[in-house]
Every structure is written in structure tokens, then in C-alpha cells.
Amino acid sequence: MEFLQQYGFLLATMLQQGLLGLSLYAPLMAGQLSLASPGFYALGGYIAAIMLTNPAFSGWRDALGNGIYPLTWLLSALACALLGVIVGVPALRLRGIYLALATIAFVEILRVLSLNLTITGGAVGLFGIPQPFGFQDRWQYLWLFLPLLILALLFFRQLSNSRTGRAFRAIREDELAADAMGVSPTRYKVLAFVIGAVLAGIVGSMSAPFLNTWNAKQGTFDASVAYLAYVLIGGSRSIWGPLVGGALLSALPEVLRSLSDWRLVINGLVLVVASLYLPQGIVGRLIPKPKPPSRPTPPPINEGPSGPPYTSETL
Amino acid sequence: SPIPIGIAVAQTSNASLFGQEQVIGARLAEKFLNARGGVGGTPIKLVFQDTSGDEAGAINAFQNLISKDNVVGIVGPTLSQQAFSADPIADRAKVPVLGPSNTAKGIPQIGAYISRVSAPVTAIAPNALKQALKINPKIKKVAVLYAQNDAFSTSETGIFQQTAKDLDLNVATVQKFQTTDNDFTTQVTAVLGENVDLVIISGLANDSGNLIKQLRQLGYKGLIVGGNGLNSSSMFPICGQYCDGVIVAQAYSPTQSSAANQLFAREYKAQYKKDPPQFAAQAYTGVQVFVDALKVLDHKKKIADWDLSDLRIALNKQLLIGKYKTPLGDLSFDKDGDIVQQAFYVAQIKMKDTKNGTFVFLK
Amino acid sequence: MELSGFLQNVLNGLAIGSVYAIFALGYTLVFSILGIINFAHSAVFTLGAYFTYTLISGQFENNGLLKGLNVFPNGSPLAGSAWGFALSALIGSLLAGVVGVIIERLAFRPMRSRGADPLLALVSSLGVALVIVNLIQILVGAESYSFPDGIYGNLPPALLFHLGDKVIIIRTVQVIIFAVSMVLLLILGFVIGRTRTGKALRAVAENPGTASLLGISVDRFIIITFFLAGLLGGLAGTLVGSSFGIAGPYFGVTFGLKGLAVIVLGGLGSIPGAVVGGLVIGLAEAFVPAEYSAYKEAVAFALLFIILLVRPQGLLGQARIQKV
Amino acid sequence: MPLLELTNLSVNYGAIQAVRDLSLTVEQGEIVTLIGANGAGKTTTLRAISRMLKAKSGQITFEGHDLLRVTADKVVTYGIAQSPEGRQVLARQSIADNLELGAYIRKDTGGIQADIKQMYERFPRLSERRHQLAGTLSGGEQQMLAIARALMSRPKLLLLDEPSLGLAPIIVLEIFRIIKELNAQGVTILLVEQNARLAMQTSHRTYVMEAGQVTFSGSSAELVGDERVLHAYLGG
Amino acid sequence: MTASLPNKNAAQEAPVLLSVQHLTRRFGGLVAVNDVSFEVRRGEIFGLIGPNGAGKTTLFNLMTGLTPPSSGSLSFGGQMMTGLAPHQIAAEGISRTFQNIRLFGPLSALENVKIAQHTRTRAGLWAGIFGRDKAEERRVTLRAWELLDLVGLSERAGEQAANFSYGDQRRLEIARALATQPRALLLDEPAAGMNTAEKSVLTSFIREVRDRFDLTIMVIEHHVPLVMNLCDRVAVLNFGELIAIGDPASVQRDPKVIEAYLGA
């Protein structure tokens, strides 16, 4: 218990950052270097913070009680999905660093907007955000982030073994060839982008009460770069990579706390050394080489679609 | 064993410019107060936890201080936004917090355990404008500039603009900038285009230093009034000679005559060869307030005999009712925990050479 | 808009833009050769400014381990004259170039030989930036430093032009920065665009394997690149520092994002692109009306977003070649 | 002493051994052909010689230089040029620049220009398109460029990896004419080729590779008639 | 298996499947494909030859939507294809291989072939997430293995495509193209990098594939004997223009073709 008191926030933060790493990993599954996650994270947070503090919603809060919290998650998810499509469709015509920068531009535009609007509390931001389900301690947020994380991992695992996941991989390796082989690049790139946006938005909506306050500093360029580092240091070719990277890199400055002034220097050195010695990321090194695929036995003649696979009927 | 008091300020990140002054102020307080017998003979021990510049860092620092370092109270964090994030943690844990530099509206209202020694902007700003009018009664047209991404500056500029209206001044233009900006030619040429007699700046030391320098270099001749963020000698190296004559609203003045301040200012100057900045003074004050309140409790029952959680609760109660003679002058707290400061100051910058200068106290 | 106002905005835009441009030159140079965004560039930029400051003043105060250090007990022999400043700037920039080379050897080369994801270089450079910035803070503290007076001789602080009854103003330092960035642009543009070395550099940029198959020593060219980029960064830091003071260890970092925007807008890897991108963003910012100055940043990025949608390779970037 | 000598060379890709214990010599002035099925390890061998790949064990010497001790760019300065598999033209540079870079190690500006002119005469297509970016050329045009570029360094030893790949019949004949012509001028050539008959007709000696090893070798004239070669590689 | 069209006579009577009308493509001042028109009948093996840079690959690119035409049109099975995106054209049933191999390099051979079945499968995002795609996935996998069998690569199904030698990569490209279950298959220099013996195997392989899957095949190839032996009809491009079209023997005798391409 004492352990949770002291390190609960850190543990929850590790999961939270792992989730944000995953949100960046989603577009990367389709080869898209999008750094928009902090923007959606910030948006999700603002939606939650506004619904939880703005007098205009006091009726809702009274009526729904704790039910308001899931509602903030849902609304954040929807808003991020919508904005994801609006931004994604034009932006995903860009490639590589150009896309990265366009998405950073998106993050910056949102940041400047939130600095200037009254509903977002300007530079001070929103504060006094009530706690869900009577949470008293930060570690209790594990009850939110852990299930979300498990769901996200299941989601991504299933995804990567599915037809959609294959389409993502095809685009990641060679967009033009994927197109020629029948995979619509736009459709799947936008889908991957939106998945990341929704995840970041939900995490944001859970994080506003978690941090007690919300302001324009939540969605910045620095955060974009940090999430990217999570994915790359963790390993960009496995769902575990962003998670492990996010958890470890966000914990690192805390682990180094005793070094006081020197901790960020060491933190920097760790980043350099990790990049040099873990070129495939932490997870890339841990995960064993994939086993050679085993061949399924063909089904007996009378079960399912069978017979000669290629007939003009199946075309 | 010594009594642990937590200092959670930004020792790293770009807020460390303030954080490092706060560390110095707190360290001086520790040294001094212990030299004068600490709390009834028991020395205090400051426990420093870096908050870095973000919200999560502040929460982590607070949690460490509360659960691991078992401090009796916390001075911190550096930024208002961090306070909104971390203070509720301490409040729920019933650990008294003194904000050394959180000036945004609503901070003492976070909870019963949250107080601050940094005066809110409302109190300080108007004086400076009145001083400017005293110096040049013919002022009619003013320009207002402020750092739009800084919580403190945005609220301060509101006060400035309101006061200007109340004084029948004509606010010809309002220009915004970012604390990270370096180049202000656009804002400056806009100001020059309006032919104003007074420029009012709310920002932090670096950006304001550059802004003032560029205003002067490009030919602005009139008076300049700066908000509380300019109350820092770290501005001098940036604007050099051009700082000369700037009128600054202050929550702290090195010239303040109280004994506490004279002692503090002398020691600071001996070590650092310049006047103590406000951030150091406020951090010093934070520590001192805790120590003074602890002394009262110690009279009732030796600190060592208190149960920690009882002590924290009692400390908070005591802290709020006490009166303190500090480098900031005499102060006490209102029922929310907001500072009631007896004196505010207006000073004018006098540069000795390109790097060194002083804030000359204006009556 | 009145003519004078318009001209003043143009001058302001060019002034801001040339700072962005001079920062971006070394940034884009590294990108053009290695295809990586080198976040450590901001740190080298900062470091260059500190190097020059040390040479010309040698005073560090208050905080940090070097507190009270006096490199030149009787005052720097270089202080007080334009020549002294030029010399310090030169040495400071050369030192920054050396730092660039060290960074390459320690933080990038091992990665290349391991065939790591090029994006990982971004993380590594981020780590280097973190190390440098925090080391600076530990050594000399977070406060600002500025160069002594007289570094530009007796030039007036600002130049005034009269246009009818209106005055158009520009700071002299800005003119110098603009001029230097143009000269650097010309030199770099010539070397890279016209000479054999430039062609070889571009070959290394495009495909190091093929380049070495032609007898080009890839490692040597990469070292040269990093040296040049460091030197340019250091010089830029010095000049910008002389204009705005060195605003602490994070001085350069604040240019990181804008610099990235500039080189992407100009077209990654294009040297003239870095300059054009800088000037375009500077001008765009200058022309944002005062009422909307709060949205200045957003305007610059919105412009960037739109330009990229129209020209996905940036203003002067080469379109991707994709022959099926 | 042979000009090029490979002794017990082994090359791995991770755990996969693509070339094992391969020994091969090329004498000064020879044309030597290397044939073998897809995946036999021909390309791997050439890439090991030009130091684009690390050798696991064995030795490669060229004119007494131990090639395994130097980097790829150094190998070129010894006088070895390669026209690689997959062409590897510099897509973002023009034909002219690609050719110039082919002569990167040379300093004789006049000679380089003369050679470029000669390449244009040999391959009129390249001449017509000299300012076109190499990346937009057709496959065959790129192949011509890759060969021409390799010639630009005036090598003593030329490594050609399937030079006829993707070329129209007329051009294939031209390439083989050039090979003979260069050889007559003293250039030594190691040729990997799927058009085995033509290659063997052009070369002095032939090595046959299977699964990373040399299975047999001999004079080209003899091997053309060899039952095993005929069957496996000449479609006879 | 449906009745195949094994002999040339049958092919000549078969309906037109692909019809290219006045296709033109310019690159700056260069006309890479110049007003080319021809028709390909269902079940035909149709050769496309011509000197380097004649515009053959560009023509394939136009037909598969990778390069938009400057003018002209393509119809396929009576339907207009012009303006469709590559993946839509693939879904309609035109598939291809690339002259400059474009496999999904880091992915396994098996995965390469599975991906290409995209348009022939339906499972959406949620079906995949909730595991309601098992039957389809099984079918996809089985089919992928069969296709690897067909090109002789099933023993190396798990290896990364990029690690295959050049010739093997070409085979994998063919398997991948077949996996889209096309009606028309465009092969761009399929025999490049294969030796003479392998080329003759490839010839019979292409025929077999045509028969087995009821395909119409267009093939670009520089190896003249292979073209002459394999193709029902041959078209010749030179500087973007169609200079000859007809059965192999007559094309081979055409003086224009001899001059531009074959050499004396």
C-alpha cells in the first residue's frame, strides 16, 4: 500500500505513456510517421476537463453522477475520430518527415487555439477537475489505464493477425505495390491514423482528472518527439515495443531521481546508448525470430469452400 | 533528528531559471534558520525533489516528499499549472503546501492545505502605473504587450489594462508574444507606429529583456512599465544599458528595510554578487514561514513527539493564523491561505554598466 | 496597407526569417546527407554561442559548477573590438564544428554500421541534445548571458530609412545576420550544387552503398558534413546570441521546432530551401495583423500545412522519384 | 600470380551461408564467367569482392592487396569497378552526373570528359537523355548507365553482374562487343551472366556455382560442350 | 476447373478482354507512349517487345493505373478502366509484376502472397478484432501455400522476400500477382535473371498458369526465343509507337522490327 502511495502515480503514468506510445504506433503500422497523438490527447483531455468543470455541464454531471466519466471517454473518442478523418484525409498524402511535420503543425495549431480560447482556460488552463469513482490516490487510476491497456493490446494483436493488419503492413513496406495488389492506401492509412487518434483521445480524457488540471502544455512538439522515442526505443515492429518504451522512458527520470541535477544528462546518455545498442528496440531484441509458418492441412472436400481454389466463379 | 521540509521546484527544464533561484533562496533559509537554533534546538533539513517543468514531474516530486521523505510540509511547485496538478495530491494527503511563486487565480482555493507566499497579480500591478504617471503626468497613449503563453502574464496584463482604463489612459495597441520568442521587431514596430508615451510589458525576464532592448534600439524613447515577471536581475545581461529606467512592479524589493530582509539580502549578495531576486526571497520566505509555525507548535509539544499526520494538520492550522516577519516584509494569510502582504513596491532600474544594475526603490 | 507599413513588415519578416534561415542551414545540411533530423543541432547552436561568449568574456556567474570562473582574469584580450569578436566567433564556430564531429562519431556512426532504423538517429540526437543542454546548465547555470558591447564596432544599433514622413526601421544586427546567411547560402549552394565534392556528397546522401561502390569515402564525407553543420550551427548561435543574448541552455531548443518547420517547408535537404523556408515563415509571421498576433504561431503552421498539401516536397525540394 | 584470387571464401547472411569455401582465380587479361542457378551465390561473391559484404572467412587478394582489410571505397582505388545487380544508379542525379561520379577516383578532367563522350557514342540512348534523372530511366536504360558508369573509373578489373539483364537483343550484342574490346585493351573481366552461352563464347574460362560452391570449372570452350552444363544452364 | 483455352485458334475466336484505345503518355517533352491502340482476346498470351525505353513498362503502368494517361483509354471486359485507382483496377482483375522488383521486402514470402488476396476477401476491421474471420483466414493461408508450391518456393515460405536471390524474387512476384486472382496478368520481364534452362521452364509454366486459372496474359520480354515460342500474338513498340502487331512469325520477319529491335 505504501508502495502504491509512493509509486502509484508513476506506475499509472507508465501505463498512460505506454498507451500514448501505442497511439503513435497505430499509424506506424501502416508506415505513416504521424506525430499527431499529442494533439488528440490534448483534445480528449480538454473535452473531459470542460465537461467536468464547465458550469454549462453541471446539469449533466448532476444527472449522470459517475456516468459522466465514461461519457467523456466516448465523446472524446468520437471527436478524435471525426477530427482524425478531417485531418487525416488531406495530410496522409504526405510522406515520411513531411507527414510528421504536417501532423506537428496540427498539434501546434490546436495548442495555439487552446491558449487563446476562453473555454479552454487560456494559458492557465482548466483546474479543479473532479475525480472519477471517488478516486483518492493516483494509483487508483490503474483501474482505468490497466483495462484500457489490456483492451488496446488485445485490439492490436487481433488487428495485426487480420486482413486489415496485413493491409497496413503492405502499405508500410511499399505503398505503390500495395496499391497495385488491391489495397487502398488512402482508406487504410486513414483508418490507422484514426485508430491512433481515438486511442490518444481516450487516454487524454482519462488523464485530465488524473493530472487534476489540463492546459496547453499537454499537447506539444516535445510530447510528439517523446512518444516517437517510446516507439523507437521500445521497438517499432511489435505492439509490445511502444508499450515497453513508453513505460520505461517515462519511468527513467524518476528512477534517476537521486542523481538530481545529473539525471537528465544520464537520461540523455541512456537514449543515445539505447539507440546504438538496440537498433531493433528493446522488444526487437527480446522477441525470438518468428517460427517458420506451419502449413494448415487443407479441409476435407465437403467442408467450406473447397475444390480447386481458382475457378472463374471465385473471381 | 532534523525536521524534514520538502522543496519541490523546477531544477531542470526551461523553468529551471526560476527553480535554481528558488533552490538558492531555500538553502539560504535552511542555513540561517538552523544557525539561529532551528526549531527549538532541532535543525530543519530541506529535502529537494525536482519537479522539472511539467505536471507529472510535480506530482512525482510531491508524492516522493509526502510518502518517502515524510516531510512536514512542502514549498513548491514553481509554476502555477504545476500547482493545479500537484497541490490537490498534498491537499488530499493533508500535507501543508506553500506556493513560492504560484500567482494564478484559484490556487489557495484548491484546498485547506494550500497557501502561498506569492502575492497574486491584482495587488501589485496598479502601483507601477500610478508611479509612471507620477513621473510623467502627460502620458495619454499607452501600448500593452504580454506573453500570451504564460499564465501569470496573461492575468497580469488584464489588471494593467483595467488600471489603464481606470486612469483614463488610451490603450492604443495590445500586442502578444510568447515567452520563447526572441525577436520582437513586429511588435515593436507596431508600437512605434502608434506613437505612445508609455509601454506596459507583462512577461518573463528573458523575453521582456529582449523586448525592451529592441524597443530602445529601434528608437522608442518613452517610459516603460514592467510587470512582476521583470522583477529579476537576470534581465540585465539581456537588455544591458537599455534596461535603464524601466519601472517595475515588485512583490519583493531588496531594499525593503526589515531586519529579516537586510540579513537575507546581505548574505545573498555576499555569495552571488548581485541583489537577491524575488524568486529566491519568496522561497526563503516559504521555508521561514514553516519554521516559524513549527516553533509555535514546538512550544506546545516537542516536534519529535508528534505523530507525523497530526503534525502536518496542526502545522497547517498554525501556519494560517501566524504573523511573519520575512524578507517580503510583514505578512499573514487570509482564510483561504492567500498571502496578505503589507507592502508592495515599485522600483526603477538603474544600470551601472552593461551587466550590473539595481532596482531603485520608488516611494 | 500603407507602403511604409508594408515595407516595414517586409523588413521585419526578413529579419525574423533570416534568423530561422541561419539556424536551419546546418540542420538541413545534415538531413541532406544522412536523411536524419539531428535534434542535437539546436544544442550545438547553443554551445557555439557559449563558446564564443567564453572567448570574448570568460565570465560565468552565480549558478553552476563554473560559478565565478574567470577564464581571463584581466578581461578577455578579444573583448571590446569587432575584430576580437570576429576571431572569437570563428574559433567558437570551429569548436562547435568539432563537437559536431564528436557527436557523429559517438552517436551516429555506430548506428550506421549496425544498419539501424534511420529514425532511431532522431532519438539518439535527442539524447545528445539532452546531455548537452543539461551539462551546460550544470556547468554555468540557467541564466542568460550576453555579449559585451562593441562587438560590432561603432555601428548604430538600428538603421532608419525615411519614406515621406514615415520611418522604416531595422536593427543592424539583423542586417548582419541576413547578410551572413546569404553569403553562407551562396558558398554552400556553390559547393554542393556545382563542384565534384558536392556531387559526391549528394551521392552519399542518396545511397551510401552505391557511393562507396564508386570509390567515395562515405565516412569521410559524413565527417565533413557534421563538421560543417556544427560550424554553421555554432556561427548561427553566436550571431543570434549577439542579437538576443544567450537566453540560457534552452536558447537553441526554442528554435528546434521552427527550424524543423523551415527546412521541411523549404524542402528537406535543399540548402536554398532552408533560406527560402526561413524567409517565408518570417514574412508570414510579420504580416499577421496585430489583432491576431496571438495566432501568429498557428498562422505559420497553418501556412506550412497548406503549402505541403499543394507541394508535398516543400517549396524547393525535389519531388520523389518513383519509376515503377 | 593471379590478378584476383579468392581462397576458401565464405559469406553469410546471418545464419544463412550463401557462399562457402569458394576458391577462384582470375588471371590478368582474362575474361572469366561465373554461372549458376538463381540463388547459387554469384552476386554474393561479387559483392564480397567489392567489399559491399563482409566475408566470414577466407581470403581475397588483388594484385597482392588483401582486400578484406580495406573498405569498399578503397577497393575502387585499387582498380576494381562493379556494375551491380539491381543497377543502383543514383536516381536523383542526371545521367551525366552519374557518369562523372563513376570517375570519382580519377583526377584527369580531360580524360574523364573524353570517356564520357565515348560512353555517349556507345550508348546513344544515354546521350539523348543525358540530363534526365537516372531514376526515371527505363530498366534497360538504367542497365546501360550502370555498365557505362562502371567503365568510367577505367578499372583494371571489371565485375559485371548480369549485364545483359533487361537489355534489348541489339544492346546485348553491343555489350558483349564492348566486353571483348575492353579485354583486348587489357581490362580483366569477371562476368556473371544468365545468358550462359553467349558469356561462355566470349570468355576464356568458366566457373559453375551451385549452392554457394564451385562445382566445376574449366576453359569455356570445353565447358560449352559439357553434358552437365549443357543440361543445366544452356537449356540443351 | 473451367474449360481452358489451350489452342491458338480458340483464342482467336474468344471475345476481346482488354482494349487499349489511343493511349498516350508524356513526360515533359518526351512522349513515352504515343497513341497506342490494340486489343487482347480472352485467353491469349500477348507479347510486348521493343527496344529499351520504347515505352513498354509505361504502357503497363497506364493499364494498371499507376501512371495516369495523358490521353486515351483502356477498357477491360467491356468496362472502362481509365481514371480508376490501381487498387480498383486490381480488384477488377488486372494484376502485374514489376520490372524493378517490388516485393514487400521485410515480409515473408507467405505474407507477400497473402496480402495480394486482399480484394478477394471481405473481413473488415471488427471481424478481424473479434475473430470472426477464421474461415476466411484459413482459406487465404491455404491458397498462399498453394501458390508458393506453384512457383516452387513453399519450402522457403517463412523467409523474408528481400533475402531471396534475384531470380527467386521474380518467381515470388508471379505468385503474388496470381494471388489477386486476376483475369488478366501483366508480366514485365519475368524471365530476366533466369538462365536458358530456367527460361524454358518458365515458358511452360506461364502456359500452364494461363490454362489453369483461365487467364489472359501480357508479357514484356527481351528474350526473343521465349517470346516467339510462348506468345499467340506480339506487339512491337518503338519510341512509344506501335510499329507492328501480329503473330510471332510475321512480326519477326517485319523489317521495321528487325531494324529497331532484333538486329540483323
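Order as written gives the chain letters A, B, C, D and E; numbering starts at 1 within each chain.
The criterion applied here is as follows: contacts are C-beta pairs under 8 Å (C-beta built on N, C-alpha and C of every residue); 3 or more make two chains touch, one makes a residue touch a chain.
Note that the structure is a prediction, hence the values are computed from the model and not measured.
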Worksheet item: Can you name the chains that touch subunit B as well as subunit E?
Response: A, C
Response to the item:
Greatest centre-to-centre gap (Cα means) from subunit A is with chain D
Item to complete: Tell me which chain's centre, taken as the mean of its C-alpha atoms, is farthest from subunit C.
Response: E
Worksheet, complete the sentence: Expressed in whole Å, how far the mean CA point of subunit B lies from that of subunit D is 74
Worksheet item: So, what's the distance in Å between the C-alpha centres of subunit D and subunit C?
Response: 44
Fill in: Approximate Å spacing (C-alpha centroids) for the pair subunit A, subunit C
32
Worksheet item: Per the centroid of Cα atoms for each chain, what is the distance between subunit C and subunit E, given in Å?
Response: 51
Fill in: Touching two or more other chains - residue numbers and ranges from subunit A
115-116, 176, 261, 264
Discussion item. Touching at least two other chains at once: which residues of subunit B meet that condition?
Written reply: 12, 148
Worksheet, complete the sentence: Residues in subunit E with touches to at least two other chains are numbered 57, 66, 98-100, 102
Item to complete: Write out all the pairs of touching chains, ordered by chain label.
Response: A-B, A-C, A-E, B-C, C-D, C-E, D-E
Fill in: Touch list for subunit B against partner subunit A, complex
11-12, 48-50, 52, 54-57, 59-60, 63-64, 66-68, 80-81, 84-89, 92, 104-106, 110, 148-151, 153-155
Worksheet item: Which subunit A residues qualify as touching subunit C in the complex?
Response: 33, 90-91, 93-95, 97-98, 101-102, 104-106, 108-109, 111-113, 115-116, 176, 221, 225, 228-229, 232-233, 236, 261-262, 264-265, 267-276, 279-280
Worksheet item: Mind pulling up the subunit E residues that touch subunit A in the complex?
Response: 1-2, 64, 66, 85-88, 90-91, 93, 95-96, 98, 102-108, 110-111, 114-116, 118-121, 123-125, 127-131, 133, 135-143, 145-146, 154, 157-158, 176-177, 179-181, 183, 212-214
Item to complete: Mind listing the subunit D positions that touch subunit E in their complex?
Response: 13, 16, 35, 37-40, 43, 85-86, 125, 136-141, 143-144, 162, 165-173, 194-197, 231-235
Discussion item. Touching residues of subunit A toward subunit E in the complex: what are they?
Written reply: 155, 158-159, 161-167, 169-170, 173-174, 176-185, 191, 290-293, 295-296, 298-299, 304-305, 308-312, 314-315
